[in-house]
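Two complexes, one shared chain (subunit A), two partners (subunit B, subunit C).
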Partner chain A sequence: MISRRDFIKYSLQGIAAIAVPVTAIEIINPSKLFASKDAREIRWGFLVDTGKCVGCGFCVKACKNENEIPYDINASRTWVERYVLTKDGRVLADSPRAGRDGFITGRIELGQGKYQDIKNEDIEKAFFVPKLCNQCENPPCVQVCPVGATYQTKDGVVLVDRKWCIGCGYCIMACPYGVRFFHPVYHTAEKCNFCYHRITKGLKTACVEACPFGARLIGNINDPNDEVGRIIRTERVSVLKDEFGTKPQVYYRGLSKEVR
Partner chain B sequence: MVHGELWTLKELFVYPNEYIYWSIQIVMYPFMTGLVAGAFVLSSLYHVFGIKELKEMARFALVFSFALLFAAPMPIVLHLQYPFRGINVFMTPHFTSAIAAFGIVFFSYGAIVASELWFLYRKHFVEVALPLKEKKDKGLFEWIKFLIFCSLTLGVYDLSQESLKRDEKAIKILAGIGIPVACFLHGYAGFIFGSVKANALWMTPLMPVIFIMSAIVSGIALCMLTYIIVMEVRKIKMKSQRKPWMSLRLDSEMSLEEVKGAEIGVIKITAKYLILFMIFAITLELLDLVFRGYTAVKHWDILRTVIYQKDFTNIFLLQYTFGNLIPFVLFLIPGLTIRRATIGLVLAMMGVFMMRWNVVIGGQAFSLTLSGYMEYIMPIIPHDWETFKEGLGGAVSIFVMPFVLFWVIAKIFPVFNAEEKPSVH
Partner chain C sequence: MMKSHVWRPLYAVIGIVALILIARVLVVPDSFGVHERGYMYGWYNKADEGFWKKVTVKYKSSDYCKDCHSDKYSSIMQTPHAIIQCENCHGPAMEHPENPARLSIDKSREQCLRCHSRLPYPTSDRAKIRGIDPDKHNPGIECVACHNPHKPSLEGVK
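Moving on, here comes the complex of A and B:
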């Protein structure tokens, strides 16, 4: 007959004996070893120089073609916004057809088929701001996806699995930047993915390639020799809507306070 | 065309990809789950807290809650771009999402309601099944009836006093567990909205509580309303059946006057609870509004224009005045009549519906740019499947569904037990 004291003693010894090999396996986990050896992984980041953007819309065109977004639909993975500040203090902004056709007139779109003409002499300040998915470090869209169809890759890009997305639209609602929409052909959530199929092959994104003025740059911000990373680290840059705590990874040079 | 473009009108500066993605079906979703939760809470008032006056209503409310339960997830399913992929939520639930746990919450709640119903109707099942079991030459209809009720008994034919007492105990426990689960089911619908940090109107921790309170209001209102309708139909039937040569009636049947008295008695008592929860709901909603105005953070400028200008009619006229104030006054004036109660109930339900509308559609009435607006033009006449399901047709179908289900379910679970007379006031 085993005494209570012995029973507890042997039990504890047994547990300890079982626990030791488990911890041993944990220590020599090869993937963890490998990861700790090369801690600095790729983190894709984007840099927009608003001062260089002229609102030609080439980036939008290129993106639509590259990513099979029907050319004539009123949605786009990337878009260009125009801000016009008049001398009487008004702030007007628009992005007709996502800025696809370029901003070639002084007419500001007000929605519902209405426009407003602004004379050049009334303008105090005007500029363009290209927008795209911020590939947030803390993406709310990934957080709210009920089925895990949208996810963050190791290199920081947020992707959508078209085969698994149920089309609830919760991610669209959760994005503070309004970058998501339903693809008119696939009927699943759609967004900019930094042309993931290109960047993973060492190419630039379609919009970066198409920009004639170098207003858009993409790079691995973890790489000390990368141009984008260097500018983000050493120059004055800002991000959009940081109050949401999403930690966006699209950085802007020369962002004005009027930008939404 | 992009999904949502058809029914969205944009004004001023709105991001190119922004549309009203969550339309009428997402208004229906919290409305329907609210009715489920409300009906259940009403039934629990009797089972858990022993409010005897609600005995008749409790049984009715529970069956109705069960009927509503099937209709509750339908708006979400209809709203999905891929309704058949809805099952993915159970296959790969992503638990950081507020929607992911819906299935678990919904089914645990469903299991509670179903088991409570079983304990409540077990006696009835046995009483129907036993004579049929003993009957030798059953017709086809009787066979079907026998099979249904025989399976519903789950093989338990024990009707001893002891076992019936145990049933009652089980009902009490289940109703007790059910209240927090029902509140969770609906509070959780509120959380789905309240946790969207991108939406200035939705993001408030009060949202789940507001949702629960208004849910109980709508649930009680719908139960009372359906109760009135059922009783009126019963009265009409009794009137038409009353023939001079049939002055003798069975003891188990109630006279017309008794039914009338019972009806207004139940309605008066239930109305008290309706008003109580209405006060809670309005207080919280106004607290939210006052707080937003007082703190006046960045997005208040645009919220103010939406609340006080764009949606003024929807919020202050339809929701607060017609949906809250008028029913409140109607119920508080002494000498409540069935007719007055009916008007009050219809208005109260409309008030809760408008609250859902003002949250879901109102939350998308302004752009993320905080300098533009969107307007939802609900498709009335459908020209394809999408405009049907995201329009008036879809909403009405969803609303009618629980009534049809109730009619079917009430055939198996009779809501009025002829043997037990309801208390008359």
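Moving on, here comes the complex of A and C:
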């Protein structure tokens, strides 16, 4: 015969034993995890069409003015690279002054005051690739910051806290895309932030606004009606250095394997 | 029984730690902590987002220009240069006409050559733009001496 005390005790133990595995399964419910993975209303993304870029450099000019990056230093939050591939297999790439003044000559800048002339008939393919911060889903620059001066906002943009940055330069080393540099005035890490002051007001970034050819687009890729999101979902796009696992959110149309 | 000279450095260490903790409370703002993206990506001062949202907007886009300069706006919209924003040549509008009262105009040869220096690159739309060889086509003379950028077709040549 079971006593009343034991009956209550065993009942509670039994309920607890049943409840524990149920809650354990609840925690790792994969479909719920997947659904909650990106429940954010806004996730900013960028699309670059390398075929449309003509290398005019208006984007770089606008970016420098808009974001108060000293005009005559070579560093820039965004830049345009030129790739020239010759028929004999050479790959030449340059970005004079970050492409700020456009590409007005066929000569390739090799650095240290040296230039290379390429005859038009020797060119196999040649094109321009605009670059900017990829606002990675797994940003290594944020991970390495020892003081919490660089961070990712809820809508996916990586920002730098100029008051908190100690100027150690870890983030500059960590970025696989080389988008970070020291601001020559503030002496803190500097980077493209998708013109955060503009996109949060409903404007486009300065570079997107300045591009006459529609080679650059910005949008909220979590919005089902967004143009950038639609193109990323339904068309053939690629990202830079996918193998690093950083999940970059700047997508490219027409990338070539020579682009690093 | 340990003597007081053993305890004294310990008190000093405890005092220093307490000072650091007090200083931390005073120096580190309340908004500093773990936010949406967790320790790895979200350890920061939330208030700094406001700093970046407050940066001054300098480029206002051609929509800002079209009401006052409707004549220039509507004429350029009839040309292939309609795709170029006013501010690409006239500079950022900022608070114009209050500040600055006048915008600078980039009439330089280099400004036009950004697109119109001929580079017949395969796989780039640059090859489709009508262009010149800057070393051969009237070197040293500004393009605007003959061409009107608001009416770039050859009929617009002065």
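Quick notes
Rule of thumb we're sticking to: the second predicted complex is superposed on the first by the 221 of 260 C-alpha atoms of A that agree within 3 Å, B and C clash if a C-alpha of one lies under 4 Å from a C-alpha of the other, contacts with A are read in each partner's own complex, and residues count from 1 in each chain.
Here is the rule we use: a contact is a pair of C-beta atoms (placed from the backbone, for glycine too) under 8 Å apart; a residue touches a chain by one contact, two chains touch by 3 or more.
Bear in mind the structure is a predicted one, so any value in this text is a computation, not a measurement.
Touch criterion not met for A:5: it reaches neither subunit B nor subunit C. Of the two partner chains placed by superposition, only subunit C is touched by A:212; subunit B is not. When the shared chain is aligned, subunit C comes close enough to touch A:103, but subunit B does not.
In the superposition on chain A, A:58 makes contact with subunit C only, not with subunit B.
In the superposition on chain A, A:164 makes contact with both subunit B and subunit C. In the superposition on chain A, A:236 makes contact with neither subunit B nor subunit C. By the touch criterion stated above, A:143 is placed in contact with subunit B and with subunit C alike. In the three-chain superposition model, subunit A touches both subunit B and subunit C at residues 142-143, 148-149, 164. Subunit A contributes residues 50-58, 61-62, 65-68, 84, 101-106, 120, 123-128, 138-139, 142-143, 148-154, 159, 161-164, 193, 196-198, 200-201, 203-204, 206, 209-210, 212-213, 254, 256 to its touches with subunit C in the complex. On the subunit C side of its complex with subunit A, the touching residues are 32, 35-37, 40-45, 48-49, 51-59, 61, 83-85, 87-88, 91-92, 110, 113-115, 117, 119-126, 129, 134. Looking at the complex, you find that subunit A touches subunit B at residues 73-76, 79, 91-95, 97-99, 110-112, 131, 140, 142-149, 164-170, 172-182, 184, 187-188, 243-245, 260. By the touch criterion given at the top, residues 1-5, 9-19, 21-22, 76, 79-82, 85-86, 88-89, 91-94, 96-100, 102, 192, 195-199, 298, 367-372 of subunit B touch subunit A in their complex.
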